[in-house]
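Each of the two complexes below includes subunit A, the first together with subunit B, the second together with subunit C.
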Partner chain A sequence: MIMSNPDRKLQKMVIDGVEIDYTPGETIYQIADRSGKHIPTLCNDPRLEPFGGCRLCVVEVDGSSNPVASCTTKATPGMVVRTNTDCLEEYRRVLLELLVSENREIDVDTLRGYASQEFAELVDRYDARSGRFVGVRSGRSRTDDDNPFILRDYDLCISCYRCVRVCAEREGDYAISVMNRGFRTQITTEFEGLLADSACTFCGQCIQTCPTGALADRKAISAAELQGAVEKTRTVCPYCGVGCSVDILTKGDTIVGVHPAMDGPANLGALCVKGQFAFDFVQHQDRLSAPLVRGEDGELHETDWDTALDRAAAGFSDVVANHGRHSVYAVASGRAPNEAAYILQKFMRAGWGTNHIDNCSRA
Partner chain B sequence: MAVATDRELLERWRSEPAPLLPLLHAFHERDGFVTEDALRAISRGLRTPLADLFGTVTFYHHLAREPGGAGAARVCTGLICRLNGAVELLERMRAEGAKAMPCSGGCDDPVHVLVGDDVLVGTAAGTLERRPALLPPLNPGDSRECVFSHIRTDDRARIDVYEDTGGYEALKNAVRDLTPQQVIEIIAASGLNGRGGAGFHTGTKWKLVAEAPGEPKTIVCNADEGEPGCFKDRVVMDYDPHAVIEGMALAAYATGATRGFIYLRYEYPRALVILENAIAEARQAGYLGESVLGTGSRFEIYVRRGAGAYICGEEGALLNSLEGRHPFPRNRPPFPVTRGYENKPTVVNNVETLAAAAHIVRNGADWYQSLGIGHHAGTKIVSLSGDIQRPGNYEVPLGFPLRTLLDDWAGGARPRRAIQAVTMAGLSGGFLVGSHLDITLDEPSLRSRGLFLGAGGIMVFDDSRDMIEMAHAAMEFFVAESCGKCFPCRIGTQRLEERLAGRAGPSDLGPWLDEVNDIGRTMKAISACGLGTAAPLISESLVKYFPEQVERHVRRSRDETATLKR
Partner chain C sequence: MSNPLADMEKPDVIFCIGTNMTECHPVAATRLKRALARGAKMIVADPRQIGLSDLADIYLPIRVGSDVALLLAMAHVIERDNLTDPDFMAARTVGGEQFLQHVRQFPPEWAERITGVPAKDIEAAALLYGNAERGAIYYTLGVTEHICGVENVQSICNLALMTGNVGREGTGINPMRGQNNVQGAGDSGALPNNYPGFQPVTDPQFQNKFRQLWGTTVDIEKGMTKVTALGRAGDQIRAMLIDGENTLITDADRHHCEQALKSLDHLVVIDIFLTDTAQLADVVFPATAWGETDGACTNTERRVQRLRAAVPPSGEAKPDWWIVCELAKRLGFDGFDFDSPNQIFNELCDVSATYHGLDWDRIEHGAYQWPVPEKGHPGTPRLHEKEFPNGRGVFKIIEYRDPAETVSAEFPLWLTTGRRLQSYHSRTQTGRSRGIDFLLPEEVLEVHPEDLERWGLRDGGWCRVTSPRGSVEIKVKATRRSPRGTVFASFSFSNVPVNVLTGSGYDPITETAEVKVSVVRIEPCDSSSITV
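For the complex of A and B:
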């Protein structure tokens, strides 16, 4: 959350014995987080409204009989907070043991999603693989949903509702919601249907905020068997003009997936279906790698650039000579960089003397 | 009469505040279940996302999603009804499509059965009888009553009868002679605390709402009496509805509120009709409407029927439910007094609290104070049920000995039986046994023992009952009603239920107790609302007071598992 009111005077509070300044309106979790405290949480995503569901972030506050959720509790002047007493750590360990007991598996491939390791990391931090609290499992994987992008492996779901909230609060799609209640809770769409039949736009944000890998990037995990470590390369999405920052995931020379950059200034972790999933063209076998010209036989034949450009120039010139300068028209790719777009309009306006120039992002 | 069209239903309800619940009920009744088309129409009509609407509908127990489900009979399988043959009755009625429902607040006259909007009393033998709701038994002591003082008057639900015994005088006097601040001062000085369970000082609540910025303000009467073993609000609404309305009108006058809701649990269809009649009468008489008693101040009351969810008795979940949102509890602070219905200042008071307020403004703060024993102010209605001679609602002075209530007022245990345990706060206070029953009913005395009176439900179990079975049935209730928002309650209730059923858990007593205690401690400390913090009191008190039964249970579960493996 961006606090921009310069009139707000800083106040003081105490976290784990240290006095800290804060801006009124900040939550205990936010203050602790920027003070380097690693309060555990599973339902919190800093981009979303605080939810208070997982209860892992509870802290002790002087004057309060029970611990309070630090993510939903705002600091007050002089508040005295303890974030890691033995008692709190014990509650957190029991909670994590309970979570382990409801799931099919804990350790998942990192390719499942950006936040997919959060749960396993906390389980390890709290040594919660005790095997206690055995009982029936929650969540039902939707093996019937064969959409190409989003794996709905709810056997791993812990009902933190980050997916539901990101879909509503960040994407505005309201495609997914919560059905039933208590231990029978399931993440669902309207009428329990497939994502393709719902309001889902396959932006993939639910995948990237899921802390257990229950929602997973189907395209990325198909590369799980590929040899090599996953490398990340920061770049800008090549599609439209918004300029979303992305981290391209590669194994060796192969692109295996895309993560939205949570710190991307234009997108703050958001992407659309194209930026998230449509990267196959880069290494696709049908991609043109040399100029082609059509021969007398009607087929395309590989050639050199000079030949190809001469053929193109001749074609344009013939049309203009026979039909006038407004008989040609250019559509610039939305994926073209500014420089290329500039050259193309120059080519049309100065070169041919027409204003017939447009771009493909008009829809 | 022609069947209402989608458009007519939407037009009818969109003109009122909080339209989602009545719209769902209207479609549900018209079509026999909630159809996909109905949800699409409501989604468009209220501009609510379809997925959200669908998810929210699945939350409620009584909204059927299969054809004919709306008219199916519902048999209460709450603890007390189970002791009286509910399971057998349900089996007999299954063929006709009957369904189980959790405790539906008919514990004084089990087995509680709903067929459509008919309230019936059933037996294990399969008989069903329509008979009037029970009035509170006559107070056998000489202690004075407040809420029940006139409730046994014939036709008390009629406005003229209510007025004959001083009804609406408090409101008339307040509007004529008292400032809103003075009304609040009377309520504050009386010492009246919330009677729904949390026990917040009512005068302070009204004052906070009166002073909070933001309009319009709202009075919500919490009539979602879902706590098992509690049926006191029902009797007040059934037999003295105008007291509730007068209490709400006084609260509105005191705080400047212009709209009121009575959020009524689904399982009280009789109260629904009675309240709606009473509201119409009160409106006709000028106590409600555009200009209350000619003051120029507006106050309207809308009844909103719940759809079957215990959690909606929690005020944050109740407000979300009214607003048409998913009924998860809200994070607090902010509290409803500043951010309640539609984020505006809101009083949320229990039925009994509001009814008492009307009596207090009429008779004065000192009068109410004097009803209690010693320095305890006022009275509390206790719903007594289970293995006791005379179950029912008793209005006791605060500070009253529990033993006197059980043995003298209610006649004690059944013949040749002894009381083994009682519950406190319905199911939310766990079990109490033996010498621990020598307590007085008032918050200080109870709190000093780690107990609380809650909404005032006390269930009695005699020595013929298997306490493991009782505890298991109680935990099944919490499993079914846990909303699923917070982790400790969602998983904890399930794991405790499995252990009490003997279906899962360690086979040795030590580790079994460790698990049950660890879950309980964690739930009590860090659950997000009262359901999660209260549910483990069941297992905690079971382990504490019935160690032999627990040991036998763990051993038996192990032996059964061993047999199965063989």
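For the complex of A and C:
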């Protein structure tokens, strides 16, 4: 059913005057990209099937009268390609000027999403803020969708369909689709409803692939006014055992959001609703911030570390003195790091001399 | 998992049993969906019509606790139609002849009476898996949380062994581990029977190794499981240290569990919140949370990855390892002078056979899956490619057994429990994350619409669910996801403590509770006294 790749011989082609080896099946865009060419594109996400929608990645090919989309065109032996002629660059600039004319704003907060700056960066690279065109705006923002996670600000939509494609191709959820064409193009759910009433699982993948910020992380942008630059820290999601790699987004000492790690070995850029949005428990007001010991009144009271550690140690000592080393038991966490589990089993085995230790795996 | 997550895109036949993957391991499920999009076929066995069953080519709605009967009958068909892999069986396994003889007794018609699944569907599933070039089995707690959890797993292994679906790309026996580091906790030695790296505590060779490494005497007897320890609390067990587990909410049979923890002379809890369990403690230590802690963790495919702190701790919170080291030093124990998690991780690697080739620097990019027996070893994404740890794969002769409890006039309904996409375990984390309540505001009991009238229930009304161990009051939701005669709820909400009802029996080997099967009765009740 599923064919494995037969061994394929490398072939040669020419990009911008340089001969390059490629594997049959590779597209011009893929070959150029790994050769260090920065062909502009807006509808491309390396995780998705080539789409050929935005036309920014067009290149000239010897023997072809019109430029071709490099993302959907596979290389052929001896093909001669030019990626950055004046003609192509002018063509790309006009396309971007037209796109600029469609959108309410170009510069959006980086907290909107992982790819949210792609459009603004290309507009600047091509100096496309000329205002030469006064276009009709396409896409209507869904201000009525009050879900707490995904802002549907379609005034900024350029109809690249990345959100629709990531939902279908990567998530397999098919929660959103495209309605109408041209200036009336609208990304929507079945029956034009709210996301909560659709097949959407709120995994946030549409947000993270959107190149304009039309789809935005509502939780993250609530921190847009917070002072400071956004820093990223690579770690692993705290929920299930899949072990998705994520980047925690911080401003100063505040966690403001999460990005999926596109190169995460377990997840390849994917996340679910918990990993994407359930991060703010870390800095919740309910967090324990000091040790507690039970007082003579029967209640737990805050205390200092020395007092609490002495009390805990004395409790174990007393029990072992009276009932022996097999009267103590430890349960390690399936949520804490390996070091926690290792130290706790060493505490029981090397410290007390008992194998009375387990973890959460039987529950 | 025997195979890497990447292999989930490679099978031509997928068999999911007892795994609600789209809700419990959603990102792994996306890989199965991609395999389906590329032409793979899928069999799903689950009492409930879960998300995966909507995508299945063959859906087998087995009665709760009847997995062994299904798996025996599938083996029967595979044997009957000569779909076994005799070369693999001869070269890699033992006990195959007796096993094939054994399964001849269990045709699909026999299994239909136990599982409730039409014989022709069992037959079709067996033929699909038996004919697969690359057949992969995925399972989760729906298989293990039974009195026959071990037998369920062994039955799965039998199927994979008889068809040679082990040790190759896109095949395998793949349990999906539940918590982010439940794999790592076991790897690191937090088990009553194993030192770090699964080195048995009863083996004199390893006793000597750790006696020398730690310079102490070591216990030569296995420890008890947590289930046994809770059963003996107040008697043999007098003090407990619980790290990051909300035992009271997540364990079976809550009343029993609460009695056990209250009967201790001394309870110390390390956690990030004052959980229901922490509220019973004599001393509570505040731990640093995810995002505040440097460390290592290990995922379901045995991949060891780095956790990194992004923000300072909450107040005076400290890493779990620091807290236990400080306790150890106060008790005069040697070997706890650590300043940083990398020292501890490196010691773990030194003493562990499975992590021996790893160290803190090597896991920087999460590139290794254990076993990594020595430095320079590339890791082992796929287990059992050439041989099994004990040499050969052993067929087990398994017989079907009824669950610990079966429905009766007094308790006429099956209850099975599980998890939901939007919440995690006892909601200590997801319940404190903005927006999650929008998607999942409360717990409900899922009841088949045609069962409502039979029990006098109303969709959206309240009912009292009673098992031999206790009662809870819960809102009713009519849904065809539950089969007739079986109801479902998750245990996430502390105001609907569903684990009051569970705990009918325990697997004799792992002592895992049969939380997937309880018997209950339901009656409508007035909701006015209930606060949500």
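Everything that follows uses one rule, which is that the second predicted complex is superposed on the first by the 281 of 363 C-alpha atoms of A that agree within 3 Å, B and C clash if a C-alpha of one lies under 4 Å from a C-alpha of the other, contacts with A are read in each partner's own complex, and residues count from 1 in each chain.
Operating definition for what follows: a contact is a pair of C-beta atoms (placed from the backbone, for glycine too) under 8 Å apart; a residue touches a chain by one contact, two chains touch by 3 or more.
Nothing here was measured: the structure is a model prediction, and the numbers come from that model.
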| item | value |
| --- | --- |
| Contacts of A:V134 with subunit B and subunit C, given as first, second, both or neither | first |
| Subunit B versus subunit C as contact partner of A:E102, first or second or both or neither | first |
| Touched partner set for A:G295, first subunit B, second subunit C, both or neither | neither |
| Which of subunit B and subunit C A:T233 touches, first, second, both or neither | second |
| Subunit B versus subunit C as contact partner of A:G25, first or second or both or neither | neither |
| Dominant toucher of subunit A (residue count), subunit B or subunit C | C |
| Subunit B and subunit C contact sites that coincide on subunit A, given as residue numbers | none |
| For the subunit A and subunit C complex, residues of the former touching the latter | 1-2, 147-149, 169-172, 196, 201-203, 218-219, 231, 233-245, 248, 250, 253-255, 264-267, 270-275, 277-284, 286-294, 300, 305, 308-313, 315-320, 322-323, 325-351, 353-363 |
| Subunit B - residues contacting subunit A, complex | 36, 39, 49-56, 58-59, 309, 311, 326, 331, 333, 479-495, 498, 503-505, 515, 518-519, 521-522, 524-528, 533 |
| Residues on subunit A engaged by subunit B in the complex (per definition of touch) | 42, 50-56, 58, 66-67, 69, 72-74, 87, 90-91, 94-95, 98-99, 101-102, 132-136, 138, 158-159, 168, 174-185, 188-191, 198-199 |
